[in-house]
Amino acid sequence: MGGKLFRNFSFFSATLSFFLLVGIFAILFTYAQESMHTFGFDFLYTEIWEPGEDDEGGIFGGYIPIMGTLMSTLIAMILATPLAMGIAIFLTEIAPGQIVKPFSIAIELLAAIPSIIYGMWGLFYFAPIVQLLFGGNGVGLLTAGIVLAIMVIPFMAAITRDSMNTTPDVLKESAYAIGATKFEVIKDVIMPYSKGGIIGSIILSLGRALGETMAVAFLIGSVMTVPKVITDPTTSIPVLLANNFAEAQDLEISSMYYLALILFVVSFTVIALAKFYFFGRKKH
Amino acid sequence: MANSELKKVMEVKDLFFTYPGAPEPTLKGNNLPIYENKITALIGPSGCGKSTLLRAMNRIHDLYPGLTYKGKIDLRNQETGKMENILDLKKENELINLRQRVGMIFQKPTPFPMSIYDNVAYGLKLQGIKNKGELDGLVEEALKGAAIWKETKDRLKDSAMGMSGGQQQRLCIARSVALKPEVLLFDEPTSALDPISTGAIEELISEIKKDITVAIVTHNMQQASRLSDFTTFMYLGDIIEFDETEKIFLNPSQKMTEDYITGRFG
Amino acid sequence: MNRLLLNKIVLILSTVSAFIGIGFLFWILITLTYKGLAGVHFETFTKDLVEGGIRNLLVGQFTMALMATLVAVPLGVLAGIYLREYGHGSKFASVIRTLSDVMTSAPSIVIGVFVFAILVDPFGGYNGWAGIVALAIMMLPIIIGTTDNMLALVPKELREAGIALGGSKHKIILQIVLQAAKVGVTTGILLSFARIIGETAPLLFTSANNQFFTMDLTGQFPSLTVSIYNLATYPDEASRNLAWAASFILTAIVLFINLTGRYFTRNKH
């Protein structure tokens, strides 16, 4: 009796994440209709974002924020991947036993720091350095990309480390037993053995970077212009939403729902790919 | 067997070995000769230090920091014929060289996540052999030497992970044999295999000894007596007795050895 | 020898990356502490935002995060129980497991947009409840994931022993299996609480912010993180200093909860 009720309750809770997902998609899709009908797929490569007179009509295109999102993510991934791999290698293969734990904890704490802190720290301490080294006015695509990289590194490193740790010791030992160096063992045994998990961690971090709001909001410059050089300011989907969603009306807000839908679908696909394809059945 | 024919390839002398953080040594003053082109079996109850001793002989232990050796492990220099203490080796390239001269086969088969061909060619490539024709020849020779050429010659590009356990173990032997080591150390190489694969591996080891000296840890008394020329019995980190296998099994000089062999403990 | 040199180089580079990572942690923590402590006074905790303090913001942020926890924990734990104990192995469970896993990394700003559409727009304005729901949606999949994983660690024999004694399934789950996984699940809850207490994006246009002390969840609700975002970009020194102070306190809270969670599991394993 109580058993049946309990089972039903837990079943209902389990279905909730499914309904949430469907609900999010349905709501975004519905509210984006006006913009989708007006602009169709042209939305993706229209560079203009201009409300009409008296808030009537206007032209809205997602090109700038979409490119800003992709470019800042790309910069972040290019910088983060080698560093995260290095950290993971250090933690699994190089660091002596007593050091592994404190380093691991430090890396995980770095991952736990709220993204708004990265944004604010980046604005006041990192942007000036980027300005000094690369010119520009401090905020822009490059700064956003770098700070985004700093943010995803610990996340990526932690998952990569966990994957690398699954390589059995005897497998490594047998490579050493035929005369391999540590680097060769890493490259030829550990990396291939944990390939799925490593690629998965990179893609998962990419998914995170795509949707990151606060770290980027402080740093990308938040202007609706196409960057000419890498240090130029621009905007990204999450940042545009964070700053302008609340005040938008009619066709403009519908265009923002359209952008949110694009972001949601893209990051869902990327993350699902990582989880399903690369981490696959390994979980249990 | 006249002892005058016997030539030592390796010799463990008064070896003490302590694991990091362990309060006392796991190996307590071991002495053991390894004779050329012979098979030496290491037997003894679980935990007595067989693997520990074997893993000292190519210093695979050194992958993990904080351990201590005392004593000597001599390995004969092929060119000069002189015995040289491998515990003196410090530099990474010296250790790499040592491990190519003294190979190791583990309890569970350890194919690398690559093709059959690449598994065997791997160590050769590390040695700097790049020529495709030369590699092909050496890979074939090694696979033949490990008696799996017939089964693998049409699927060299297939992943090694798809082979049966017995095949994988022979592939690992081929991988080591390809480097033409002087000594090959086997740590219970058949304990994860079925009887038929075990038979094939045993046959292979008997074949190999023509070219390579073998030391093998085994739990299986029959295996030790069938396969080896010399046997050493270890107990609690001590070498209790070392002698020709026949002598150890028929007429051991130590009571403890006899008790172990007849199954009274262990 | 070439190989050995390459080996050295890679090992050195890896070590350097690790120290760069740690370097950033210290750099961030040190600037935060330095800038933050300078702005923290006794009044910071006793005054509200209107008067240059963060009392109402702390209370508001904790209220929303705690309420979200109250919503997400029972639902998430129940869902995790379903996935591991009832639906285990079924197609349905594995689909839900994957979806909820994916939800863990869903962009938080999109969740904000979603909640805006269902709880802000139709009800005529920002409200605390919307903030709570947004945070709960963020938290739910994390709780499902940890519960699922922690229950998976409970040995099968324990369930079998329970059944052998004649217990009914739901009693065994609640009284034995969940008890055995208690530490792990609690840690998971703590860590996910630490995660949502620092969230900004889902609150921006759900709860928005409030300068005054209020416990009325039907109106704009004070938020520490949203305030940091606003204050940091104000031009005046005082606002910025308050933003640093608030950031320092927020980070200290998040890291403290995190370390506490880790400490619990440390003892366990």
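Residue numbering begins at 1 within each chain, and the chains themselves are lettered A, B and C in the order written.
What we mean here is this: a residue touches a chain if its C-beta (ideal position, glycine included) is under 8 Å from a C-beta of that chain, and two chains touch if they have at least 3 such contacts.
All figures in this text were calculated on a predicted structure; none of them were measured in a lab.
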item	value
Per Cα centroids, the chain farthest from subunit A	B
Chain pair with more C-beta contacts, A-C versus B-C	A-C
Inter-centroid spacing, subunit B versus subunit A (mean Cα positions, whole Å)	49
Distance from the mean Cα position of subunit C to that of subunit B, given in whole angstrom	52
Whole-Å gap separating subunit A and subunit C, where each centre is the average of the chain's CA atoms	17
Overlap residues in subunit A, where contacts from two or more other chains coincide	181, 184
Residues of subunit B touching at least two other chains	92, 96, 126
Residue numbers of subunit C (touch at least two other chains)	3-4, 7
Subunit C to subunit A touching residues, read off their complex	3-4, 6-7, 10-11, 13-18, 20-22, 24-25, 27-28, 31-32, 35, 74-76, 78-79, 81-83, 85-87, 93, 95-103, 105-114, 116-118, 137, 140-141, 144, 152, 168-171, 173-174, 191, 194-195, 198-201, 204-205, 208, 225, 228-229, 232-233, 243-244, 247, 250-251, 254-255, 258-259, 262
Touching residues (chain side subunit B, partner subunit A) in the complex	58, 60, 63, 65-66, 92, 96-97, 99-100, 103-108, 110, 112-114, 122-123, 126-127, 172, 175-176, 179
In the complex with subunit C, residue positions of subunit B that touch it	92-93, 96, 126
Subunit C residues within the subunit B interface of the complex	1, 3-4, 7
Subunit C partner contacts - residues on subunit A that touch it in the complex	2-3, 6-7, 9-18, 20-21, 23-24, 27-28, 31, 82-87, 89-91, 93-95, 103, 105-110, 112-121, 123-125, 150, 153-154, 157, 181-184, 186, 204, 207-208, 210-214, 217-218, 237-238, 241-242, 245-246, 256-257, 260, 263-264, 267-268, 271-272, 275-276, 283-284
